[in-house]
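Once you scroll down, you'll see the structures, which are given as structure tokens.
In the two complexes that follow, chain A is the common piece, with chain B as its partner first and chain C second.
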Partner chain A sequence: MDITFDHVDFTYQAGTPFAGDGIKDVSVTIHDGSYTAIIGHTGSGKSTLLQHLNALLKPTAGSVTIGDFTITKETSNKNLKPLRQKVGMVFQFAENQLFEQTVARDIAFGPKNFGVSDADAQDLAKRMVKLVGLPEDVLDKSPFDLSGGQMRRVAIAGVLAMQPEVLVLDEPTAGLDPAGRHEMMAMFERLHREQGLTIVLVTHQMDDVADYADHVLVMEQGHLIKTGSPREIFADPAWLQEKQLGLPTTTQMAQDLVNKGFSFNPMPLTEQELADQLVPQLGGASHE
Partner chain B sequence: MDNAISVSHLNYHYADSDRLALNDINFDVAAGEWVAIIGHNGSGKSTLAKNLNGLLAPDSGTVEVAGMTLSEDTVWDIRSKIGIVFQNPDNQFVGATVADDIAFGLENRGVPRPEMVERVKDALARVKMTDFADREPARLSGGQKQRVAIAGIIAQQPEIIILDESTSMLDPAGRQEVLATINQLRDELGLTVLSITHDIEEAAGAHRIILLNDGQIKEVGTPEEIFAHGSELLELGLDVPYAAKLKEALSERGVKLPDGYLNEERLVDYLWTLHSTM
Partner chain C sequence: MNKLLLGRYVPGDSWVHHLDPRTKLLASFYYIGIIFLANNWQTYLLMFIVTLFIIYLSKINISFFLRGVRPLIWLILFTVTLQILFSRGGTVYFHWGWFWLTEYGLINGAYIFMRFVLIIFMSTLLTLTTQPLSLADAVESLLKPLKLLHFPVVELALVLQIALRFVPTLMDQTTKIMNAQRARGVDFGTGNIFQQMKAVVPLLIPLFVSSFTTAEDLATAMESRGYQGGDNRTKFRVLKYHNSDIIAGVFMVALTVALVLLKN
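Take a look at the complex of A and B:
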């Protein structure tokens, strides 16, 4: 299911003294099966863009086509339910949306709302808990007795239980410790690969962009200013620094080495790539 | 130098658990020092922060802040000296506009209006949020909210600032900027900073690091001393600093490098000496 933005504008609180631009004239296609990262400075419109992916926000001008749905400012909120099922949203601090008495009931809540029988929803809950890497015995626990990282996994399981085609992630690892972050990113990668989920990731972690994404959208002050593969985006460190976006750690390190006199082609994105390119440039006496 | 914070034999457990969330914690933080507390989720970092200003009361042990021993009698004096910026700024917004929100804490303390206006302006300028003074806090982005939360604390001019994962939603450049702002305040006003963080690069900028694991202090040391543990840090749920990872990748390829932790700058310099001898 492709998602296409066609000259989309969105203004917050249009017509009030609080009016502010969200996004301006955005045209782009997020392809079915892709792993797309959206990067940009704080307040650049990333989260606004995201909320158009399942019509939580509707464009104030232009249109968003999501599979068979076309959303414009005239689109009525009726009949959007199938769309919301197809595009699953995991918000920042997703654990804040847990509310049920048990993990099983929390995960089953969404599917049941969409007409899935109680038995089938319970079965889904069991499968989803496994899919997000939690032990089955959490099902009967209160979600509020779990750790922050586990609570977030439960919230994600609840979104996955809707069996979406597109999974939208807004800084899904914020506040997790490094081990939790790595595990969670590996989990999304597995879902992408094994379930064929299209993933849209908003993140400040350039290392995650380099490691996981195949397509990158760069936002600045509401405008989409660049798109390309991670290699294309990170090939120009000076441009990224000018946009205050930072680089993957490896690329930053490579850039520091370039400033000293080393050269790399292409700019490495992982420490393994960097090490491979460094070895031939180091003196013969220092290694076998 | 006087200690800004002095903790001895602090124990704490939550009512619903038998396990000690903090187990015999002892440490001092000198006035004007920047100390990072690192550890995995659930290691007790935030619990410790809440014990320092009396949001939680220890089972046993003592907490001294700015020369006062924390008790029911001193808790309000101590809170006027410590500013905590929590991870999720939504939990600490009260004002209808950004400027009101920052003024709230000052009004509570009876700061005269002309001074209040100045302090609000100055705090907003320091976190580069002047243009947002009349906006609604709830409608800002995550990173902007964190800046406002930090401004709210800066305006109160505390002696000690505790950052509890307060920059987690900022982009890397924004995080550097905010940390530099706080460091500048530390320099100018002798502020003491305790930063609770998962971000290994943020911790690298501290004078000392306290490494917490399962409610106990595992080690206290300079960033160099702590990072020399390399991949052991992974087992504690932490990250390995990038320079240590690259060093490992290079030694796998037969490149000989000096023992111990090299920060990125020193690693770059060292690699350059190898390059030059080609």
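Take a look at the complex of A and C:
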């Protein structure tokens, strides 16, 4: 299910004295089955862009095509439910959306809203809780008795239970410990690879972008200023610095090594690539 | 929800903006009080000229004020209509059962309409030109005499300040949770009344829970920064009267005198 933005503008509180900028003239296609990362400085319009992906916001100009749906300014809020099921959204600090008496009921809430029977929804809850790496005995607990990290997992399980075709993640690992972060990102990667889930990820972690994404969108002040593969985006450190964005740790290290006389082609994105290119250069040096 | 204008502050640099918040608060209440002195065309004309002059001084676009009237327009029209239909006296233009259309009724309706508009303009002006926090400071300062009666003025001011500070935060939180639940298939504002009430539960519970968490975190943070209760604290924002505040006071007295002289 491709998602296409066609000259999309969005202005907050349009037509009031408090009108604020959202996004301006964004045209891009997010392809079916891709893993797209959106990066940009805080307040650059990333989250605004995300909310167009399932019509929580509607463009003030232009149109968004999501599968069979075309969303424009005039689109009514009715009949958007099938769309919302296809595009699952994990918001920032998703643990704030939990409300049911038990974890099982909270996870089953989404599917039941989309017409899944109670028994099937409970079954889904059982599967999803395992998928996000929680023991099955949390199902009967109150979500508010869990730790922050566990609550985040339950919230994510609640979104996955809707069995979306596109998974939109707004900084899903913010505030998690390193192990939790790694596990979460690995799980999304697995879903992407095994089930062909399209993933759209907003993040400030350039390492995650380099490790997982196959397509990167760079936002600045509401404009989409660059798109390309992570390799293309990270090839120009000076440009990224100017846009107040960082490099992945590995690329940063490679860059520091270049300044000391090493050379890399292409610039390595992952530890493996760095090691592969570094070994011959070090080996060459030791023979002299 | 974002369309709410009431209680919004528009930063500016004008004579009205720089008045002491206590002056503005007292003057607004006083002004609303003396509106009831007006009872003929001359007095209402005077009030309108004065109000528009103050709005001009505040350098804020008049459209803001008209926008302030808009959400209340149905209430105003309802009241005015009742007033017109049920007042009697003077020339009768039309009469049907309980309903009368008379000269006095029309005049009273027009007066009430103007009264509403003036009150809304003035209270909008107060909130548009005064930061909520300075308003809370003003309330604290003005209520100080109540301390003699053991009324917890400082605590009330603290609660008021914290509440005002968290209004926008809570609004943001509400929007976020609403969006998250809509993405999970909740339809807000559709269906019959029971379905609509049921749809609010996934919004209300997370809001309450996050308020509890925020309250706990805030209390801990305050204690760790040495907050031990309101007594014997010094103030960072000290309120001070200036010459312009005296001018504003004199102006209000002059306006009262003029109204008393002009009214019937």
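Definition applied: the second predicted complex is superposed on the first by the 282 of 288 C-alpha atoms of A that agree within 3 Å, B and C clash if a C-alpha of one lies under 4 Å from a C-alpha of the other, contacts with A are read in each partner's own complex, and residues count from 1 in each chain.
The rule is short, and it goes like this: contacts are C-beta pairs under 8 Å (C-beta built on N, C-alpha and C of every residue); 3 or more make two chains touch, one makes a residue touch a chain.
What you see is a predicted model; the values in this text were computed from it and never measured.
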item: Chain C versus chain B on the shared chain A, clash or fit after superposition; value: clash
item: Contacts of A:F99 with chain B and chain C, given as first, second, both or neither; value: second
item: Touched partner set for A:Y12, first chain B, second chain C, both or neither; value: both
item: Partner chain(s) touched by A:W239 [first = chain B, second = chain C, both, neither]; value: neither
item: Greater chain A contact set [chain C / chain B]; value: B
item: Touched partner set for A:D177, first chain B, second chain C, both or neither; value: first
item: Touched partner set for A:G283, first chain B, second chain C, both or neither; value: first
item: Contacts of A:F264 with chain B and chain C, given as first, second, both or neither; value: neither
item: First (chain B), second (chain C), both or neither touched by A:Q85; value: second
item: Chain C-contacting residues of chain A that also contact chain B; value: 12-13, 18, 92
item: Residues of chain B defined as touching chain A within the complex; value: 39-42, 87-88, 135-136, 139-144, 147, 165, 168-174, 198, 200, 234, 237-239, 242-243, 245-246, 249-250, 252-256, 264-265, 268, 271-272, 274-278
item: Chain A residues within the chain B interface of the complex; value: 12-13, 18, 20, 40-43, 46-47, 92-93, 147-149, 171, 174-181, 204, 206, 244-246, 249-250, 253, 256-257, 260-262, 271-272, 274-276, 278-279, 281-288
item: In the complex with chain A, residue positions of chain C that touch it; value: 2-3, 8, 10, 61, 63-64, 67, 173, 176-177, 179-187, 190, 201-202, 205-206, 209-210
item: Residue ranges of chain A in contact with chain C within the complex; value: 12-13, 16-18, 51, 54, 56, 78, 81, 84-85, 87-89, 91-92, 94, 96-99, 109-110, 113-114, 144, 158-159, 162
